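Both complexes shown next keep chain A, but they swap its partner, so chain B is in the first and chain C is in the second.
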Partner chain A sequence: MAKYMLKRILHAAITLCVVICIVFALLRQMPIEGYFNNFDKMTEASIQVSLNKMGLNDPLPVQILHYFGQLLKGDLGVSNRYRQGYPIVKIIAQKAPISIKLGLISLAVSLAVGLPLGILMARSTRTRWKLWDKFGTVFIVIVQAVPSAVYHLLIQLYGSEILGVSMLFNDRNPMTWVLPVFSLSIGNIAYYAMWLRRYMVDESNKDYIRLARAKGVPAGKISRSHVFRNAIVPLVQYIPQSILFTLMGSLYVESLYSIPGMGGLLIQVIKLQDNTMVQALVLIYAAVSVLGLLFGDLMMALVDPRISFTGKEGAR
Partner chain B sequence: MMNFRDAKAAPLEKSLNSQLKAQLDPAAAYENLSEEELFTPAEFDHSNAERAGYSNYSYWGATLRAFFKNKAAVFFLGIIVVVLAFTFIQPLLPGQRDPKTINNDPLTGVQIINRAPDDEYWFGTNSIGQDLWARTWAGTRTSLGIGFAVACFEALFGTFIGVLWGYVRKLDTFFTELYNIFDNIPQTLVLILVSYIMRPSVGTIIFALCLTGWLGMARFIRNQIVIIRDRDYNLASRCLGTTTGRIVSKNLLPYLVSVIALRMSLAIPSAIGNEVFVTYIGIGLPTDIPSLGNLVQAGRVLMSQPSLRYQLLFPTAVLAIITISLYVVGNAFADAADPKNHV
Partner chain C sequence: MDQQQVLLSVQDLNFKFTLRGQVLHALRGISLDVYKGESLAIVGESGSGKSVFVKCLMGLNDANGCVESGKILYDGKDLAQFKSDAEWRALRGHRIAMVLQDPMTSLNPLKTIGWQIREAVELHQNLHGDAAKKAVYEILAEVGISDPQRRYNQYPHEFSGGMRQRVVIAIAMACKPEILICDEPTTALDVTIQAQILGLIKEMQKKYDLTTIYITHDLGVVANVADRIAVMYAGDIVEVGRCEEVFYDPRHPYTWALLSSLPQLGVKGEPLYSIEGTPPNLFHEVRGDAFAPRNPHALKMDFVKRPPMFTVTATHAARTWLLDPRAPKIDPPEHIRALREKGRQLGLTKGEECANG
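On to the complex of A and B.
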């Protein structure tokens, strides 16, 4: 167990280092305009002076080592175009809380809606018309098949009309939280509902459930204390993926609703071509997703010992 | 109607009658045989002795039968065929406009901007007077092309690496470690980074999407190959001196065709979705190439005006129809291809 965890943590650390190197090396290929606010008006000499000052004329390995040293001190460099000369850490510290809040709320909502939907669907497979199952399947197919970039737009368009709120986010108006949270959760709701339904249906076809039904245990009790409890365990392994999904979704959703968070910021600095900011934000997103996956895998190992040792090895 | 049924029933009745007759009267069984055949001793025929029980089970036959039993899937398959065919036939039809031409009113010479859908411009015109009907189908062509290219690459390269990874034991640890490292990098970030660095073009998008998509495919193929690699029939093949290439192509890959097809059909919608996303960020395709991403983005800008919403809704509807159909058909096909569902 401990060995698996150590190995998993080591993998995460290596991944992070590889990501840092790749991102850093790739972004050095960008045109140097991205490091200056007023590139057009500068002379060749002054450009060279500032490039030297920023260490951008050093050989690449030296730059990367230097950057690692900076990162260890918790320094992400300074912004050049978004806010000239302002430390990126400070910018992010202002923007991060709202993103974290949004992500956590939407994860909670997706669990709170997705799990009951899954249960309803699984239970309705035993009824005559399977209404919930049919409704849920259509919902899941639509959410999974239609690109998220498209349904986020439609939710913004029609949701704001139905709720009668403005299309943009406003921190003071709690109603404007509803649509972004809904947008971010809807993918995970479908995801959880789909897998919980499948596990519950598999579980309820097992012999011990048939026995319980035959000896007359009420259907509600069977589904609560036998089927659901066994079906929820393997579901833990989908939590890391859904964290990742929420993170990546927040890029689009935050920028769509002009939420002053990190996701919207990344889109904004890409449009501004602020190289150091893009670098820092991509790294932060990569780090958060690597840690999210790590956290999920470790949790999975803790919850279900059957999964842990074969976990990432798959079919051996 | 009655005639048809009678015609079908007649041969059945006839054979049934002859069987009954044979049971009642043993002599009837050999009454039609010639003298020679009746009185010549039977010879031992080796091939007849070897003949075992025969089943007319055919994998693809059973797969197709299971697929066509699923009415929803057949319906969506029809939609895909019609939409695909129409996407490529549309420019050849008479009276179609060029997707990039800016249309002017023949009388006044003024650009026809933001014309609501009518019988001349079926989907209306956009904010600079281009025909949205032509643009939607041109965009669908571009996006489907991107999706198809990515899906093909994913299938070919992913299968190739997956086979290497699963079949060559020495490479297993290397690839597994590599996978564990690279699988943790989110695809969206790679997509953003690559599109940010390279010049926007169709090639860039295809390249960025190809970079990551094959990983999942390779891993899946590897797992399957590890499972069936050492089955008895493969061991036997190897002992008999079959070359590795032949074992892979004849014994292993046919097992996986259905799954490869499924992943391809799901890769196309996700490629289209990613194209829409990077176009939204502003690092997707150049705006002069009509694509579903560009059309959705152009429509999004105007969506706060209810009268111009058609510019968002038409491309979105076409996109949704294509992706939903591909998804449903892909899943139904994967279910049908699973031999467990063939009974």
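On to the complex of A and C.
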């Protein structure tokens, strides 16, 4: 097990280094005005002086090594156009907490609603009218089929009317958090419910469930420690990714409620051609995906004893 | 035979499934007695209702099926009347346990072997903590798994197919049942392991005074383990008798056909016998003898009226009009006549001339 985990972590680290190199090398191909706020008014000489000062005239490998050194110290560099001379870490530190807070709340909500809904749906497939299953399927199909922009708008429009709160987000008024959280979690609720139901129905038709029933295990316990336990395995891999991605904020929902989060930041800095900011944000997004996959794999290995054996050892 | 104690008695059991508004008549009036301590084998081709029948005994059929009429008498109760899960749970495992066909899929892949056996021990032997663990070690050793302490903490994927089937048997034994149902216990195993597993089940039967019901379509297994045989066709038992009676003196044309298709009876150089046609569609009502359309010896009567069970001996009965005194004399196929002759010589069956002999 430990060996498997170490191997996975090593793979992830290598992937991350390669990604950093590629992003760095690509951004060096961008026009150099992206490093200056007032490029048009600068003389050729002063541009060269600044470039030398920033180390941008060094050979590429030297620059990359330098950048890795910076990263190890937790320094992402400074912004040049978005907020000139301001450390990028500080810019992110101001915006991230709100996205993280909303992301975590909405994730908790989607797990707390999505998983029970999936269980109810799966269990109701064995009943006569399958009411929960039908209700849940309608909900899932609507959420999956209707473009999210449409229901986000509807939620904002009618939700604010029903709750009697402002359409816009206000950090100090918790009531205004309700609608964005709802908007952020509704997709995940449908996702978790759909897959959990599907895996649970799959599992409950398996032979070992029949054997457990033949053993005389009560239905509730079969559902919990046999069906659910096995059905959650494939979902576990997805959960870390979705945690990390909700932390990155949602562009659409954040702009809809004008939440000062991470959501639109990347697009904003791309428009501004702020090279160092783009570089830093792309790196963060890449790191988040790599970490999400890594944690997904590690959690799978924790919940499924077969995983760490899938190497050369195999089953006897 | 008749002084033997009837343990479980099924009387005229009808079982139906509802599938997308259509009704499938899976069991059509089955009657069968199971005697205490015997090994009964239920044979028949796929879809003949063998599995549905034994699942009825444990209430394990899917929710879209229900007992329409008939009785399953066991231990003073009529299982056909059972509705709730709680009623069945008093019986499942505790009185009747089951070994499933495929050991590769019948264990939970995420739980250790020990956990899965222990679950049964805790439910049925009312042991907990270290006592339960000790009981699991004992059972593991009993079914021939060495080094139980280490094996306890291993997962199913660390066991081979034969070893897993031993674990499944261990789970059944942990329940301390009275009846053990083996649903094709060796079909998924290779031949060398088959004999071991059958031997193990026999050993357990002797040790715990079990009554076993085998489901199989492997007549080799039947000959190896069974005291009595019930032949099923299209949701009905067409012939039932002691092992040697059914093998050496079969009376139903379906049993003839089944035995004729045994490769062991084939003549070298000639193609193997196979039964023409397919079993009837049980979504439709079956008229007369269900086997009649595939039966080259079918009588006119077979298409009109369903034959009753005719008694051949006290232990042997078959559901065919051929046994009616009015029926014309029809010679069974050559293979069967040879078998009958052999049985007579071996003194396994009585040499009496019968209505259709």
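Some points to look at:
Here is the rule we go by: the second predicted complex is superposed on the first by the 233 of 316 C-alpha atoms of A that agree within 3 Å, B and C clash if a C-alpha of one lies under 4 Å from a C-alpha of the other, contacts with A are read in each partner's own complex, and residues count from 1 in each chain.
Criterion: a contact is a pair of C-beta atoms (placed from the backbone, for glycine too) under 8 Å apart; a residue touches a chain by one contact, two chains touch by 3 or more.
Owing to the predicted nature of the structure, the values given are computational and were not obtained by experimental measurement.
By the touch criterion stated above, A:Leu56 is placed in contact with neither chain B nor chain C. Using the contact criterion defined above for the overlaid structures, shared-chain residue A:Lys206 touches chain C, although it does not reach chain B.
Counting residues of chain A touched by each partner, chain B versus chain C, the larger count belongs to B.
By the touch criterion defined above, A:Arg126 lies against chain C but remains apart from chain B after alignment on the C-alpha atoms of chain A. When the two structures are aligned on the shared chain, A:His226 is found in touch with chain C, with no touch to chain B. Look at A:Val217: by the touch rule set out above, it reaches chain C but stays clear of chain B. Once the two complexes are overlaid on the shared chain, A:Val150 sits against chain B while remaining clear of chain C.
Comparing the two interfaces of chain A, the one with chain B and the one with chain C have residues 315-316 in common. Those residues of chain C whose C-beta lies close enough to touch chain A in the complex are 58, 60, 63, 85, 89, 91-94, 97-98, 100-102, 105-111, 119-120, 123-124, 155, 157-160, 168, 171, 175.
On the side of chain B, the complex with chain A involves touching residues 176, 180-182, 184-186, 188-189, 192-194, 196-197, 219, 223-224, 226-227, 269-270, 272-274, 276-277, 280-283, 296, 300, 303-304, 309, 312, 316, 319-320, 323-324, 326-328. In the complex of the two chains, the chain A residues touching chain B come out as 11-12, 14-15, 18-19, 23, 26-27, 29-30, 141-142, 144-150, 153-154, 157, 167, 244, 247-248, 251-252, 255, 266-267, 270-271, 278, 282, 285-286, 289-290, 293-294, 312-316.
Chain A makes touch with chain C in their complex at residues 126-128, 206-208, 210-219, 225-226, 229-230, 233, 303-306, 309, 315-316.
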